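You will see subunit A twice below: alongside subunit B first, and alongside subunit C after that.
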Partner chain A sequence: MPSNPAKLKVIWLQGITCNGNTHSFLNDPALGTLLETIEFIHHPLLPCQKTLKELVKKVPKSDILIFEGSYNAAFERAGVEMRTLLPALAHKAKHIISMGSCASFGGIFKENDPEHISGIVFDRENASGPLKSMQEKVITLSGCPAHPKWLSFVIDMISAGREILVDEFRRPKELYAYLVHNGCLRNEYFEWKVDSEHFGTKEGCLFYAQGCQGPFTHGSCNKILWNEVSSKTRSGTPCVGCTEPTFPKRELFTTKTYMSIPSEMPLGIPKRSYLALAGAAKSFHIKRLEERLIDDHA
Partner chain B sequence: MARLSKEERKVSIMTKALELFSKEGFYQTTMPAIAEKIGMSVGNLYNYFTSKEMLAKDLILYIANILGEEIRRINESPISTQEKIEAIVHMYFRIAKERPETIEYFLRVYLSNREVFQNCCEGMICVSAFVTELMIFFEEGVRAGDLKDQDFFSAFGLFMGYLGGMVFLNGEKILPKSLESYEHTISDNIYNALKSR
Partner chain C sequence: MITHELIERIEGEAVLDFKTDKSGRVEDTAIRFLHFRGMEAILEGRNALDALVITPRVCGICGHSHLIATVKMIENVYRNAGAAIRISDKANAIRQITLSCELIQNHIKWLYLVMLHESGKMVGEEPTVALKALYVSSQVNQLCALFSGQWPHSSYALPGGVSCDPTHIEVMQGLKILSDVERFVEDEVLGCTPEMFEQTMRDNTVLNLKGDFGTVLRNFERLKVLDTGKSHGRFLVLGDERIAMANGIRSSAELALVSEDASQTFEHGGKTYAKNALYNGEFYEGGPLARALVQERAGVGDLYRIYEDSAVTRLSARVGEMVLLCAQVRQLLTSLDLSQPSFIPPPAIESISAEGIGIIEAPRGSLIHRARIERGKIVSYSIITPTQWNLGNGTASNRGIAQKAMIGAESIAKASLIFRTFDVCSVCTTH
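Right after this comes the complex of A and B.
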C-alpha cells in the first residue's frame, strides 16, 4: 500500500486585516479535502501546531507562507514587529502566497496610512514592498477577499510541483488572465448598450451608470463562482475592481463620465473604436433586451 | 486616359448625384436624371447602386467620412480646446463654401427625409464617423477641464445645430455678410456656452 505523501507545512500569518480572507477560506466547500494535503504550523483560527507566541520564539521552516492583511513595518504580532517577523518567516518558506488585496497591494488599510502601509511585494503598482527581493517565490492572490478556490488552486499546483504562470503582479494567469467581464451574464446588454437603472435586477449592463469595473478588472469571478452559485454582477451589483492595485477607487457605484462618455474604456479597446461601435449599437432598439426577463405582472 | 476603378467610378457618380440631390431634393431627383447628368445609361447606373435609397445611404456615409476625417485631424492637433472649436467652425464653413452640396445634402436630404434612411441608417449609424469624432472632441475637452461636463447631446445640439443653422441661413441668402465673417464670433459663442466655469 503506497504511503501517503507528506503534507505541506503551511504558516498563515496576518498583518493588518479584517479576517476577510480567512473567512473566505473557511467557505471553501472542499476545505476538508484540502486539509488532507496541508497541515498548519500556525493559523489564526484553525487547529494548528504552534501558537503565535511559539511561532515567533523559534521561526520554523515552511513549505508555504500565506500572508493575509496589509504590511506595516511597525505592526506587531506576539510582540515582534513585522519588519523582523515577515522576512524571517519568508526566508524559511519555499513558497509565499500574498492572500487578498491588502497583502498584495496595500488595499483598504492603506487608505488610513498611505505612507507606511503597503503589500508585501507591491505598494499599489510598485514593487517596493519588504519582500520585493524574493518576489520570485511569491504568488499574488489579490481580491477583497480572494476566492477560496484561487487559494486551493495555487496550493494544488505547488503540491503537484507544477509551474504557475503569473502576470506582471505575480497573479496566476490561470485565474487572472480573464476579466470579470468574461462570463458575465449581462454581456448581451453590454453589446447592445442597454443600461441597468437599478441594483439587484437581472437586466441591463452595470458598466454605463452603476460603476461596474468588470471590463477592466482581472479576475475569474464569473468563471469560478462565489459560493459556487453567483457573482457580484450576476446578482446585480457592479464589480468594484477589487483585484487590481488601484483598489479601492472612490465613488465605486457611479460610472465616471466625461460628456456622457465613460472615462475608462474596456481594457485594451481604443476610445475611437469603442465609441464607433457603441454609437452603432445604441442606434438599435432591441425590444427583448428592454423588457424584464421575468415579468411578475405579465 | 487611365480607366477609373469601380470605386473611383462610384465616387464620381456620387459627386454628381450629390449636386442633384442637394439642389432638387431626394424625391425630385430620379435615377434617370442622375444617369443623364453623368452620361451613363440608367441600367449601368444600377450596376453601381441597386436603388436610389442605397445611393442616398452611401452619400451620407461618404459625407460623414469627409467631415469625420477633418475633425479627426483637428482632434489630433496639439492645440487648445478653444482653438479646436475655431478650427471645427472654420472647417465646417469652408466645406459649406467650397462644397456646399455636402452640407446641403446633410441638412436638406438626410435630416429632412428620415423615412428614406430609416431601414438602412438607424439612429446615427450612417453618420457615426462624424459623431464619433465630435464625441472624442467633447470628451477630451471635459477631461482637460476646459469644457463643462454635461449630457453629450446638449453640447452636440448646441454646436452642430448652431453651425447647421448658419449654413442654412447662408443658403437661403438671408445673412447680410459672408459666412466666414461670422467664424470668430460664432467660435467665441460656442466656447463661452460650453466652457467650464
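Right after this comes the complex of A and C.
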C-alpha cells in the first residue's frame, strides 16, 4: 500500500434530496480503497467524526465539501438554514463537488418550487446559485444520480493535485465530453436508422420513437457502466437526459418529431446533414438489421 | 422533562420529542419529520409515463419499489379504463427479482450501518465501517442492474412489461452474484445455514447465533432492550395479498378502510410534515414483521408467541426476510423462461382515462400509489409510503406504532435504538 499519511478531509452535506447519490456512492466496489485516501468529517450514513448537530455548531475546514440535493435558502439541517450553513462550509472548503443533478441545476425537486429552489452554482443553465462567486472551486457531477466512479475520479484528481478540465457547467470533460449515445449497444441501428418497434427487444434504436436522449446528453454511462454491468440504454430504457440542466423534461418516453424526424438533433449535427444522411441510410434495407438479433426468441 | 433529539444516520433526519420522568424513563414521544418535497404536485399535469422517471426519485434506497408501484398503478388504470393490457410471466418474474434485490440490499444496509453500528456504540464496541456489507449490497444492486440497467433510479418497468430483453448470460451472472450473497448471509450475517437459523427461532436460541446478527441481538440483550419495543400487535399487508391481523386474528383487508390523517401536520397546526396512514381508523404495523406474521412464516411466528412484537421479533423478521428473498430470487432466476416476450405493447396511454391503484410490498411495508389519469395525463397523484404506517404520530389515546414501542424505554438512547428497529426512512415519509 502506498504511504499516504494525510487523508483528505471530506464533508458530505445534503440539501433537498432523495439520498440517491448517497446510495449510488455506496455502490462503489472500491469504497474501501477510496476510504484509505479520504476521511469523512461528516457523512449522512457512514460512520464519521462529527454528527450533523456538531457540524453546524462549529463549522470546520475541509478539503472537499460534497453537496447532494437541491438548494433552498430556507431549508434547514439540524435547525440551521442553508443560506447560512452552505456558504459557511463552502468558504472553509478547498474544493466543492456538486453531487447529482439536484445540487448541480435544481433537478427534480426544483419543479415543486421553481422560484426558491436551485442548484448551488447553477439554476438550470444560469450561474445564479448561492455559490456562483466561488464557482472556480466547484466541480459539477450532474446525473440523477451521479455514478460512484465519477466521484472517485474527481477525488483522485484532487488528491493528486491534477487540473480537471471542465465544460461550461464545470463538469469534468473526461466524463462529460462523451454522450450517453457513445458505446450504446444499439449504435448500429442508429447509424442505419432502424427504429425499435417497441420496448423489450434487443433490436432497434430508441431515438426515433421511444424518447431516447442519448445522442444529445453528456455522460459516460455507456463507457463507465452502471453497477459495473449495464446502463439505461443497454437495458432497453431510453436515456432521460438526467445529466443536463433541462432534466426533467416532459413526455420522457416519446420522441418529439417534426415532419416525422426527431425535433432535437444529435449534438452538434446540423439538421441538413442529418437529413441527408438519414435519407440515404433509410433507402437501404439492411436485412441483418431488420431481423431479430438472436432468433431463438419468438 | 422534554428533550428534542435529532435522529441522524437514517434515510434523512427525524426529530424525536421525548417526555421523560426523573429517572430518565420515556413517558411520551412525538415523531417529527421536517422536510417536504412535494412529489405529488410535481407529477400532476405530466404524461402518466413520466411518473416512471419521477417517482423513483422519492427515495434513494427504495426508489425501485416506487417504480414498481407506479407501473402497477398505470396498468390498473388501463384495466379500469377497459383497455387490454397483458404482462408476461417473464416480465412479472423479472420485476419480482429486481424488487427483491432492493429489499435485500436495504435489509443488509439497515442491519450493518444502523443496527450493528448503533447498538455497538451503546455497548462501547463501536464497529468500523461495514465495508464487507456495503460490498455485498453493491453486488445485490449489480444483480438488479443486470435487468434494470442501473440501481438506484431505474425506469425499466413500463406498462406492458419490462424494457430489458435478457439472455442466459445475464441469468448466469445473476446466479453467480446470488451465490456470493447467500454465502455472505450464511457466513457473516447468520453464522449458520438458513435452516439452522429457522431452527434457532423455533427453539428460542437466536442469541446463540454466531454471525453479526447474533452480535446485534446480544448487544440488545446487554442493553436489556431485546424484549422491549412492543407496540399494538396490529399488522397489515396490502401488496400481493391483503391481510390485516389484530389480537392474533388474521382477516382479509379492505382497501376502503385505508385512510390518511393530516391532523398532526404543520398545515393543521401540528409539528410534522408526515401524514399518518391508518387502517380502520387505527395504526397498523407494516414491513417484514407484518409480512412474516400474516404469511405465518415458521420461526418468526414462534418468536412472536413468546415475545410478541418486541425488538427481538422485529429484528429477526427483517433478517429472516433477507434469507427468504435470496431463496425466492434463486427460484425466479432458475425458472425464468426467456422465450416469452419482455414487453407486450398496450394501447397508447393518450387513449386512456381512469383511476388506478398500485400496491406493492416495499422494504418497510405496503407502498400505495394512486392516480387519476385523463387521456394519458396525470390529474391527481397520491402516495402512501410504508413509514407513514409505522412512524405515524398519534394522540394520547391512540399512539402510533413506533411511538408506542418507545414509550416506557429506560432512556432516550434506548428509545432511539428501538425507533431504529423500524428501519426509519424520513425521505419517504415526507415525500
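Assume the second predicted complex is superposed on the first by the 292 of 298 C-alpha atoms of A that agree within 3 Å, B and C clash if a C-alpha of one lies under 4 Å from a C-alpha of the other, contacts with A are read in each partner's own complex, and residues count from 1 in each chain.
Keep in mind that, in the parts below, a residue touches a chain if its C-beta (ideal position, glycine included) is under 8 Å from a C-beta of that chain, and two chains touch if they have at least 3 such contacts.
It should be emphasised that the depicted structure is a prediction, and the values quoted were computed from it without experimental measurement.
Room for both subunit B and subunit C is found when the two structures are superposed via subunit A, with no clash between them. By the touch criterion defined above, A:Ile261 lies against subunit B but remains apart from subunit C after alignment on the C-alpha atoms of chain A. Once the two complexes are laid over each other on the shared chain, residue contacts for A:Pro87 go to neither subunit B nor subunit C. With both complexes placed on chain A, subunit A has more residues touched by C than by the other of subunit B and subunit C. Look at A:Leu252: by the touch rule set out above, it reaches subunit C but stays clear of subunit B. Taking the C-alpha centre of subunit A as the vertex, the lines to the centres of subunit B and subunit C open to an angle of 120 degrees, rounded to the nearest 10. Of the two partner chains, subunit B is the only one that A:Arg272 touches; subunit C does not reach it.
Judged by the touch definition given at the top, the superposed model places A:Leu35 against subunit C, while subunit B stays out of reach.
By the touch criterion stated above, A:Lys282 is placed in contact with subunit B alone, subunit C being left untouched. After overlaying the two complexes on the shared chain, residue contacts for A:Ser24 are found with subunit C alone; subunit B is out of touch. Closest approach of subunit B to subunit C, taken over C-alpha atoms in the A-based superposition, is 16 Å. Within subunit A, not a single residue is touched by subunit B in the first complex and by subunit C in the second. In the complex of the two chains, the subunit C residues touching subunit A come out as 6, 8-9, 11-13, 34-35, 37-39, 41-42, 46-47, 49-50, 52-54, 57-61, 63, 91, 109, 113, 117, 126, 128-129, 131, 134-135, 137-139, 141-142, 144-156, 158, 160-165, 167, 173, 338-345, 427. By the touch criterion stated above, subunit A contacts subunit B in their complex at residues 257-261, 263, 271-272, 275-276, 279-280, 282-284.
Listed in rising order, the residues of subunit B touching subunit A in the complex are 122-125, 128-129, 131-132, 135-136, 138-143, 147, 149-153, 155.
Considering their complex, residues 14, 16-24, 26-29, 31-32, 35, 44-47, 51-53, 75-79, 108-109, 111-113, 144-145, 198-202, 226-237, 240, 242, 248, 250-254, 294, 296-298 of subunit A touch subunit C.
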